[in-house]
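Next up: some structures, all given as structure tokens.
Here come two complexes built around chain A, the first alongside chain B, the second alongside chain C.
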Partner chain A sequence: MSISTLTKTRGGVGESVRRVDGVPKVKGEFQFGSDLWAEGMLWGHTLRSPHPHALIHSINVAGALALPGVHAVLLAGDVPGKKCFGLEFADQPVLAGDRVRYAGEPVAILAAVDPETARRAAAQIVVDYEVLPPVTDMEAALLPDAPRLHEYGNVLRHVRIVHGDPDAAAEVWVEGYYETAMQDQAFLGPESGMAIPSSDGGVDLYVATQWLHVDREQVAPCLNLPAEKVRVHLSGVGGAFGAREDVSMHVHACMLALRTGKPVKMVYGREESFFGHVHRHPSRIWMRHGATREGRLVSVRARLLLDGGAYSSSGSAVIGNASTFAAGPYEVPNALIEGTRVFTNNPPCGAMRGFGAVQVCFAYEAQMDKLAKALGMDPVALRLRNALKTGSALPTGQIIQGSAPVREVIERCAAIPMPAAIPMPDAVSMPKEEGGRRDRLSYPGGAGNVSRGEALRRGVGFAVGYKNIAYSDGFDDSSEARVKLFAGSSGPIAEVHSAAAEVGQGVHTVLAQIARTELGVEHVVLHPSDTLVGSAGSTSASRQTMMSGGAVQLACQAIREELFDRVRLRAGMGDAPLVPDGALTLEGGMVLAGGVPVGPIEAYLDEPIERTRVYHHRPTRAMDAMGQGDPHVSFAFAAQRAVVEVDEELGLVRVVQIATAQDVGRAINPQAVYGQIEGGTAMGLGFALMEEVQVREGRILNASYTDYLIPTILDMPPVEAVLVEEPEPGAPYGVKGVGEPPTVVSTAAIVAALRDATGRALNRVPVRPDDLIGLTQPAASAGPPPAPDVPGPKAVPHYWGLTHGQGTLMEPE
Partner chain B sequence: MLIRLKVNGEWHTADAEPQASLLYVLREHLGLLGTKNGCEQGECGACSVWLDGEMVCSCLVLAAQAHEREVRTVEALAGPEGLHPVQEAFLEAGAVQCGFCTPGLVVAAADLLARNPSPDEATVREALSGNLCRCTGYVKILDAVRLASERLRGRTA
Partner chain C sequence: MDILLPRTLDEALGMKSDHPEAVPIAGGTDLMVEMNLGHRRPPIALDVHRLPELRQWRCTDGTLFLGAGMTYVRIIRELPGFTALAQASRSVGSPQIRNRGTIGGNLGTASPAGDALPVMAACDAEVVLAASGGRTRALPWHQFLVGPKKTAIEPDELILGARWRVTRGPGSFSKVGRRNAMVIAIASLCLVLDEDRRAVRVALGSVGPTVLRVPQAEAFAAGALAEAGVWDDPAALLPPEVIEAFGERVAASARPIDDVRGTAAYRRHACGVLARRALRWAIEDRQAGPAGHGRPAGSWGARC
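Right, the complex of A and B next:
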């Protein structure tokens, strides 16, 4: 009788379903790391160096310890195990010992009964510094007499990619020099977590992070504890964008908890957050593009310099990415690309949404526009003529095996209707209702624009870019997931246990959708994410939907096999009717044979079924000394068109519209995909127009939301987005990650529109008002620095035998 | 110092330091963690609450200023009958990602719609310009406010 009531499983793959954590989030009940509380807990606090480069001769903590309410003050000598941590190389001290390398480096930590007592105690610590001259310029860091940040010098990695004949002759050449500033992820919820000592001598760390297992991999050795005694649990994450890839307060909170025997909570304020995480690498980029008169690219020469600040972080991978993407999403038969990631006494830089692809996209798309102008060609037509496609060879020699709908994203983006013409305020005397002066709030700068709109100019810019999905260079960043199917009181329930960090992007919702589709069960619950299940890899590199999604799909498929065995076994015993040769499927809580329901799923769940599976992406191969290899798993492409208005006298900008088409493979949750595109675009808009961590002599000048500006709702234009769904072969459901491509392209598109509006070169982001009205000259350079004399192609510390921080989790091949 | 304040209909007394903000007292003394601390400078709006019916950044209000006054927080928005229409609309429109800005934004949106049930887009943008969101790009937040406005008007019509 249930046959006629069979319904499709709701909330599965391809549906715009509501977030699994949505209700607690709108009610303010969702527990972020900063909301953690435990009986008797203490507050941790960090004392940081005010100097970018100094020796530490002594630290006197007596005054701090004497304050009532202070439970512990710890220094470098108190670190129980390994003194340093790091994602790629363990070169970053848990606490500075005899030397600090950046302003903001942690020097001492303490635990007190409340935050105010902790602050006062920190002020009582006396550090005797001997200030050293810092190196704060990325080119100066390469000079032979520059102060050395590390014993092996100031170069983390130099990448050299030689493709075809880099000296090939071309008919038309354009060249350019570009700079990008330091950008901050500026997530809303600052670094936070709590460490709770356990009776086994270990510790439970609840922390807002992007990769639980790599945290444990770094934290446990510093605590001199075996990995199993450091249990890391995901607390609510208030945004990440790369800033939570590195360890921040993790080891500190654990040290204080183990020392005091009490739970210790640490929460950074906004100012401290600017010192508590890595930033987007500032860059200097020199490019030369050669083409035929018909507009076919012949050669690209690129020299990249990234300022990584004091430590390695993920810089080796960032320069790898920047270098491999430097020629853009175009077929380039000949190329010479050299990228260097240097150390300075600036704040450390590492991962941020786009991961090296953002900086080079800004440069190569400016070059494509220059080339179009030199050729007298339409910029969109030039891009179409050179667009990559499946089967194209990249400068690394990698052949694109997966989908590469570059032509489609360009054409579909260009086809999006332009915004309605806004009446320009030329007829200032005409009443607004007669089409004359428009609402002043719609001028660039809004209420801040005191003009009559005499100097408004409109511009249109176009950009295409791409980004790799998942980790590269031979790493097997696999993802594990455990799924349990059991009978609940009102039907079957699937429980998904994954360590994939939900950072706001919606991966937990996606995992639930996949379980629904694979198991035909609507009721899915998410087990809290922790290290009691295997690594999910990082919530980075736009990889979790593909990787952890793939792991959940595999686990569900294994459950299905067991379930179907039970169905067949029972049918064989004549217990239930079963179409003998009909394929078994699951839908709407029912088992179907040949499309005909044979019984509810829970009827076969006397015993729950639990399966754990690991998803691996296809193997990749690291670049060799000539930059040749098969480094990337797959690629996602995006095109954006920006329409801007510039007030040429006031230097104010209003972005009128963003049109975009993005290669997403397959949208598991379309509404969330659009959300990623809109949010990623906002971050690119911020980088184009306002976002810069201003660093002078190694010190951050604007460590606050008052002085570091991010886009508000007044800055964001409508985003007209089109999803191009061309499934990626071999990926679950054909998915591609979606978070990063919008950030890669939007900065380039917006600045192209500003150039179109003003006719100015604008070769540095963020573009400042002074740049738009000609008060400043374009960023200038005397030419690229010579290639450093370092062993290659891997990171230099590798050749010095330094430990690899990601160790057993991500063994290079 | 002892501070007595009415929060979400109930009187509380907190023994707070003189320099403590209202935000600190709400979170650390009263355990009302829905109100978030994003910047401590009144820039991000994550700490938005109502003080005697007027929306304020609770990080910029001294707790002492709230003495003998009435505070309403995000925790009071949803009634026993379910979510506030603004909260419902945020879920439906996909306006929530990491959710850290969300409590402040739903407070700001509810405040706007209580004063002006049919705001045009420019008014919505102006009203929410003190609330930073780093995840969504605000597009779906605008959708959510539009949706909530329609719903609220439908309800009163």
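Right, the complex of A and C next:
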């Protein structure tokens, strides 16, 4: 009992605590999935279809098996259990059986002593394909004579939201058509993992993923193993952004490990990675907005078409999101929103940061600008006039119950000072030593040295967007956490065991901060994330801080109750100082009563205290056939203002400044929040200006970082961010997720600024240099994209649910 | 795969003669990428990056010799007076790539998008090749670069470097890409003025099967400068419509295609814009004079 002075617990909630994994990552010592190694391990390799649509008549593996160093070659027939997996519906074959539906679909897997041998062996496998005509256009997929890619046709889900009277009369109408391309998550660490067979006939899978338990739910049935024999462990994850929600090499590595009895490692190459994960759904969007002359929205009509590629992935949730957010963060009394997610022979699309909200934000914010112009109104004022607030009704009939500081984010963003005026173009009259010259790297075109300030035009754009936090549509994506408080050699230690995937966003740091604050203990250790604790749900949907944070908070509170019982019990027995009056609290390693120290925490930890708790968000209700329900848990809003410079002759762009205000509920780790805002903005900037997976006839043309461009430091401007902290009722500490809203809104803001600078329509992202100088015409449509005549959101037999979908969806033909 | 590690140029040339199938590797910024993508699998790699003979430059008798092993970062540091060359080097890849990548690699790969190639073409460079037994030869750049990723090198030869007569006058290199750094050229252009010969030389990258020169446009510009009296009086002005016409002529000379990086129409358009700007900048820089931008005298067109 040496401690007698009271110190505040350091490193708790609200502090910009250094990341728990920061130092090893900066020093290059962090072990990512691709660094996994085991004695005697083999290297797995995947043979993929070169054709977007073909029948497989036969596969001859003799040549590969004959190669020295090859231990196994496996085909669809070798899959021990269920032949298909999938997040919502098990419709994606582990290995293609008699048909391939996209170029890059796995056809065979093999294990060899080294990657080189594995690659050469794969080249010896002979597949007899009968090439079929591919369906590569999302509208063509809806034509009656289009080849049917799945038994149930080419529509995964059709959503129809009818709100008020969609035919209500308005005084001013604007209409627009918009397209967005396929974006890649571009995580730095490609798909990787290692499967190690165990003596009980099961397997341990170490993998870079976003949700350990849903991986296991999909992997175990394919391996024909009970879930407890498939233990999934999180390996170091080099970014995720949605691309690791789906199973990639998981089942393959396990199959090879179980077959060979050896550890099998698989790491996709950069090119293969473009085929190894889902992308952001390309979209075609038509919208018509009606308003009063005073600028009040009367009606929104929207038709959305998302190209999901070959399989379901999380597509039904993506179109659900896109449809429910299509009217924007505005009060809209009447709406008709029709959203359709189709199958084609393009690469599969699924989850990516923003999850359907990005595509529609690009469209509805362009519409708001059009409307402002038609009304002769200031675009910011128009948005303020229609802003959602707590109590507003959404087109689904959902009433916003939580915080909705839309007005605040708009006003605070607009109040951020503008950057300095455009400097004079440099010229011989203003040489450098006279102090007048601007750094040429700062012109559009940057390091290319194309400009001394010629034809420079500045533009300003404003956008507001929003995104749901956690899973929707009645799904209970709960999170479990186990916390143990015990006496260490130099004080109390809290151990946090959570399956929440740390993918680089900082959730592990946040969980440690919460444990510190709740338990008054600074020393927190994190148990490795695995399936020995219950599911944490996915590191997706901006949900982990709220959900796993909530679970850690609950577990800590349970520990506190037990600890306080011990304090009271011991006080009553008289072998410790009597408890003074007042509530018991924990701070700086001490137990306090009414703010007065009673004794060190470890004095009450003769027995460790361990508690496991599950956090549930408030229940939601899926949409009905009219799109009415209470589908979302809560919402996070963001406003951004972009200032851009365009070289009007070359169509090159430099974003000068991003100003943003974001509704974050409560910042647990402010520096990490700013980091998410900057990173999310960079992703939106990339989508606005350069990021596009180019697909022609079902084939990816630019599967490399040479030609799939993501922003560099010369493309990213300073981000002036303001955090709006209005706590979310019912959420731990009032938190909201922060990762997605910046991505949702920045693409829209930047393109608005480009329109302002050039006066051009710019209705497709990414915007090309050709578009900015008028060499191309705006993306055209003959009218609203078609909506199939299917009744409500029942286009697919059973939908939503990992557990339900897994069991009920048809097996592949 | 075997790796040969010669210590001297003679040893390297002997190895190349014995193993004509050996592929030279210096920085590896092209070869390793091709190998990683599975596009290429040479049976033997010949590591030339240590050879002292290739890692040097010299400026003698009015001629610059640039060793094949000169990296872009060394050019930026050691040859800043060769403005266009330094600008092209700065536009290459990332710092890591500029630390590794070499002029010899740019020549050997012979991509139409090689960033240093338009500079060498505009300077009328010769490529110096060597084979064992003391055989060397020099080919004008256009006889060396014969097609996309095709050169006139013999299997037993190595690239020693490039050389060109140093001229007096301003010049620049510009490159258009879809992002502001670390990008492969959609179109690039080098323009140099040769004060002594009163000539304008322009080369285009990424808009044809190889780097292109545009002789008609060059002659037009030189004539226009003479007509306007600019050669004699740096303060004289070139009429805007003449600069416009020059840009049109350059654009018309491009032979671009559509590909994953850009459209042919944009490439042609960009050539015109870059040409107009480069000519205007050259005239501005002449007005400012060699020391005008705080650089040492002779900086635009360092002298030997």
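Descriptive notes on the structure:
Here is the rule we go by: the second predicted complex is superposed on the first by the 769 of 813 C-alpha atoms of A that agree within 3 Å, B and C clash if a C-alpha of one lies under 4 Å from a C-alpha of the other, contacts with A are read in each partner's own complex, and residues count from 1 in each chain.
By definition in this document, contacts are C-beta pairs under 8 Å (C-beta built on N, C-alpha and C of every residue); 3 or more make two chains touch, one makes a residue touch a chain.
None of these values were measured; they are calculated from a predicted model.
By the touch criterion stated above, A:269 is placed in contact with chain B and with chain C alike.
In the superposition on chain A, contact is made by A:719 with chain B only, not with chain C. Contacts of A:119 after superposition: chain C is touched, whereas chain B is not reached.
When the shared chain is aligned, no partner comes close enough to touch A:68: not chain B, not chain C. Shared-chain residue A:689: touches chain C; no touch with chain B. In the superposed model, A:783 lies in contact with neither chain B nor chain C. In the overlay built on the shared chain, the residue A:417 is in contact with neither chain B nor chain C. In the superposition on chain A, A:704 contacts both chain B and chain C.
269, 441, 704, 706, 711-714 are the residues of chain A that lie in the contact sets of both chain B and chain C, per the superposition on chain A.
Those residues of chain C lying in contact with chain A across their complex are 33, 36-38, 87, 90-91, 172-186, 188, 260-263, 265-266, 269-270, 273-274, 277, 281, 284-285, 287-288, 292-294. Residue ranges of chain A in contact with chain B, taken from their complex: 16, 18-19, 21-23, 25-32, 34-35, 37, 114, 116, 185-190, 236-241, 267, 269-270, 439, 441-442, 503-506, 671-672, 674-675, 678-683, 704-706, 710-714, 716, 718-719. Here chain B touches chain A in the complex through residues 17, 19, 28, 31, 33-41, 43-44, 46, 73-75, 77-78, 83, 87, 90-92, 94, 96-103, 106, 122, 124-126, 128-142, going by the rule given at the top. Taken together, the chain A residues at the contact with chain C in this complex read 119, 269, 271, 427-428, 431-433, 441, 444-452, 454, 649-652, 654, 689-690, 694, 701-702, 704, 706-707, 709, 711-715, 768-770, 773, 775.
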